[in-house]
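Each structure below is given as structure tokens.
Okay, so chain A shows up in both of these, paired with chain B first and chain C after.
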Partner chain A sequence: MLDFITGPLFIISIAVFVVGLLARAILYVRGLDARLERVAYSYHTERSIPGALASIFKWLIPGGTSGWRAQPVATFLFFLLHFGAVLIPLFLLGHTVLLETYVGISLPSLPGGVADVLSIMALSAIVLFALRRLSSPALRQLNSGQDWLILLLTFLPFATGLMARFDGSAYQTWMIAHVISGELFLILAPFTKLSHIVLFFMSRAQIGMDYAIKRGGATRGGAFPW
Partner chain B sequence: MREKIIRFSTTLPCLLLLFCGLALMPAAATGGELFPVTTPKISKPEMPKVIFPHDKHVDAVEAKNGDCSTCHNMTDAGMSETLKDVTSVAANKQVKYMHAACTDCHVKAGKGPRLVDCRVCHNERTASEFAGKKK
Partner chain C sequence: MSELLCTPTPVTTKEGILDLLKDKGGAQYYSQMKEMKVDQEALARDLEQTCKSRTRTWLSICAHCAMCADSCFFYRTNNNDPTQIPSYKIQATLGEMLRRKGKVDAEFMIKCMDAAWGKCTCCNRCSVYCPHGIDTGVMFSYLRGILFKHGFIPWEMKIGSGMHRVYGAQMDVTEEDWVETCEWMVEEQQEEWPDIEIPVEKEHADVMYILNAREVKHYPEDIAQAAILFHVTDTNWTVPREGWENTSLTMFAGDWEGCAQNVKRIYAAIERIKPKVVVGTECGHAHRGTVVEGPYWAGRESGDPPVRFMHYVEWVAEMLRTGKIKIDPAKKLKMPCTLQDSCNYVRSHGLGKATREIMSYIAEDFREMDPKGDHNFCCGGGGGLNGIGLYRKERNVGLKNKLDQIKATGAELVISPCHNCWDAIRDMMEVYEEHNIKWSFLKPLLVDMMIIPDHINHNEV
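This part shows the complex of A and B:
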């Protein structure tokens, strides 16, 4: 079974993930209004491109925008989760060894201690996010099954990965659970709110362009942190 | 410091499990010849050293009508003690060679840990038990 889930099933998962997210990005651009949005963005590239980059960049900095500063708790939890959620899948030693052996791409890897800390940070952030979701009245109004689903989809690979790391007695069982839950994440990402993996960049870029061109963008000298 | 806390909280249950398990374990798991796998010095070893259970592998190779030459090359000085061509690979590629050689064979044989099973071979307990025995 392990050979199937780490072989064909893994390739299918990666393919669904990559093709699906690319499709989401293309559909995002196609969903924009040609006359209201796309023409303006491609006509004023000298303002739209810096605006797009500035918007993406500032939202990647903790407290870099007033949106972040307005919600300190959410901001803290966001970064607590996303440092690990971005770095661990790509740079954990076990993952880089697999990538190098099967694809030939050799990436630098995180020191073991750092990886442990990042994973525990991410896992605690997910738990705290769930508590916040239960306790905040605004979020209780907005709650949907999807929100819980993506928290669960993110929780499982981290939880099973850490269990494999620290519970040697059932290592191979945890590893199978880890691979399957990781694949579930990859396969469902394009179809759930996990598509923010690319759509974050798409919508930040678009809003960055929009504010740098319209809404007084020209008079403010382009991008600004809103 | 953090590592120590983790080690302490895992050693105790691990030892308890070991004592309970010893009575039930098959002889093959506890007995047999163990060899540390020697690769060129890694500047910062991240994983516990691999301790290779030789007898287990001899049994598996013999069951498939293999012999020593399945894994060892003959040299002028007799049979090489290392796996196949590992010593003729560049020093910084030997870990990669071992990863591929071990797990390719495990996949073909349909048993033994695969490449995703890092800590089955890189096992902290086995490595420290081996280090303890050697003293």
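This part shows the complex of A and C:
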């Protein structure tokens, strides 16, 4: 059973994650329609490419856009979560070792102390996000089952991972829980709002291109001032 | 009255328009709407064929983070009512329609209409504040198209769409009315400006000027002022006989077929006249409908119009920059002024640069609104809302946001080169009893402030 979870199921979950997200991205692009959406996607690449890149990268910087600056609490929580949520799965020593063993790719790994801090930040952010969802009148109007699902799916790997890290006496149990919750995250990502892992980039590129090609790209002088 | 006023069929005859107009305020029309059957199969097909990955992804990927809430003036002016959050508004309407695959009833469609025209002006400000770049304004515009096709649109929108289809203009102005008004304005100005003319259909003119039918019907002095400004700048200009009107109530109504007809009419005028440049009057949605969206409706793959189009503010900026219009320093605006950024040509076409260039020539005490430029708020009356009686109360509430912005600048004059913004500002001053703030288009200010070139014949009258 343990062999299955850490062996074939692990491979399956990585495959579903990669193939699934790739499929979402490809289907997104194929489903764009220049005529219906009234955006000439294949024209004016001299401004649509910078426009797409500015649209993506400005939003990846804390406070990099008026949108972030207008919402300091949401911004703080977003980056508190995502620094860890992105860096830990990719660059935690325990994960890079797996990647090297199974796939042969070697990535740099985070120093232990940094990894601890990022993980605790991410976990705290998830708890704070949950509290925000419960207490903000605006979010209470919008909350859906899926929002809670992805909070849970993200909470479990971080919680169990940290417990495995800090509770040596029950290490085996926490590791099994961590692996299963991690695989659950990977398998469900392409089918839930976790797909924003790729769709954020697709959607931001699209709106950046829209503004660059059609809504002022020729007259504004530069990319849209996000 | 026993005739059927509310149907999915667009109005394409004079009689159809008159029948609708006779129904004061649309009382019969709205009452018939409640009984109108929804063709659920057709609706499902429409959604299947026209709602693709961009919109479906927007709706499914929304993180429910509520960052769009504060970006929306409806949310802000309605005491942060959570049902005014852009995400909520679109999920409860288009989102729900898609989830039910079109299996909805008239009551639901009316609720969608109330949101699409009464809770959104399609100002696109929310698209700037969403981390995913979700454009709820674009989605509401798409929803308007669906609602138009199925007949669930406000009374004035049905009439407006009919006007464009029948008269080629947003009002019942015939070709005769149009040309005669031009002749009348020339006559009126002849004494002061002996050599003034408004050439009609002059082939190979440098500039083809297109405008808003309400200028012909209600504000013909605007046409006279345009003619004076072209005259003193020695512009080789003309107006078309047909295709002279560039507004688009059809765009507000979601009547895409009507939009295409309008744009093609203008492009046909370009083919006849072959100008170097087309200049549009001070109207925001006319620019959006003709220059930004228009090329697509006319089937132009590149999204570019066939010839260079300038919004009036671009033309004015160029005239000031090149010295063709010179401002008398003694007549420069001394009182504190501010500038309205019209969504349809600022956020949606980057022309905030041009308007600010103009302000640098004409105003000594220019105060920016906060926020400004591409981040500024809708006037509160765009997207056709100014003209829809059913949502007048809602509009008046929304106007408060812009009024607060204006008052915060301390300005006594708002420069507003857009008909809808101009109307919204006029109305907010009346509704909220502000008597000390004026508002103006550019043309009358420029005609007053300009130095008349020596070579232009002019008589003081």
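Keep this in mind: the second predicted complex is superposed on the first by the 221 of 226 C-alpha atoms of A that agree within 3 Å, B and C clash if a C-alpha of one lies under 4 Å from a C-alpha of the other, contacts with A are read in each partner's own complex, and residues count from 1 in each chain.
Note that in this section a contact is a pair of C-beta atoms (placed from the backbone, for glycine too) under 8 Å apart; a residue touches a chain by one contact, two chains touch by 3 or more.
None of these values were measured; they are calculated from a predicted model.
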item: Clash or fit, chain B versus chain C on superposed chain A; value: fit
item: Partner chain(s) touched by A:P8 [first = chain B, second = chain C, both, neither]; value: neither
item: Touched partner set for A:A164, first chain B, second chain C, both or neither; value: first
item: Which superposed partner A:A34 touches (first chain B, second chain C, both, neither); value: second
item: First, second, both or neither for A:M175, with chain B first and chain C second; value: first
item: Touched partner set for A:R204, first chain B, second chain C, both or neither; value: second
item: Superposed model, angle subtended at chain A by chain C and chain B (C-alpha, nearest 10 degrees); value: 170
item: Contact breadth on chain A, by residue count: chain C or chain B; value: C
item: Partner chain in contact with A:A70 - chain B first, chain C second, else both or neither; value: second
item: Minimum C-alpha spacing, chains overlaid - chain B and chain C, in Å; value: 33
item: Interface residues, chain A side, partner chain B - complex; value: 2-3, 6, 93-94, 97-98, 100-101, 109, 111-113, 116-117, 164-166, 168-169, 171-172, 175, 179
item: Chain B residues touching chain A - in the complex, by the definition given at the top; value: 2-3, 6, 10, 14, 17, 44, 46-47, 96, 99-100, 103, 107, 110, 113-120, 123-125
item: List of chain A residues in touch with chain C within their complex; value: 27-40, 43-44, 55, 59, 66-67, 70-71, 74, 78, 133, 136-144, 147, 193, 195-196, 199-200, 202-204, 206-208, 210, 213-221, 224-226
item: Residue ranges of chain C in contact with chain A within the complex; value: 50, 52-54, 56-58, 60-61, 63-67, 69-71, 80, 82-83, 85, 87-88, 91, 124, 127-135, 292-293, 296-297, 301-304, 314, 347-354, 371, 373-375
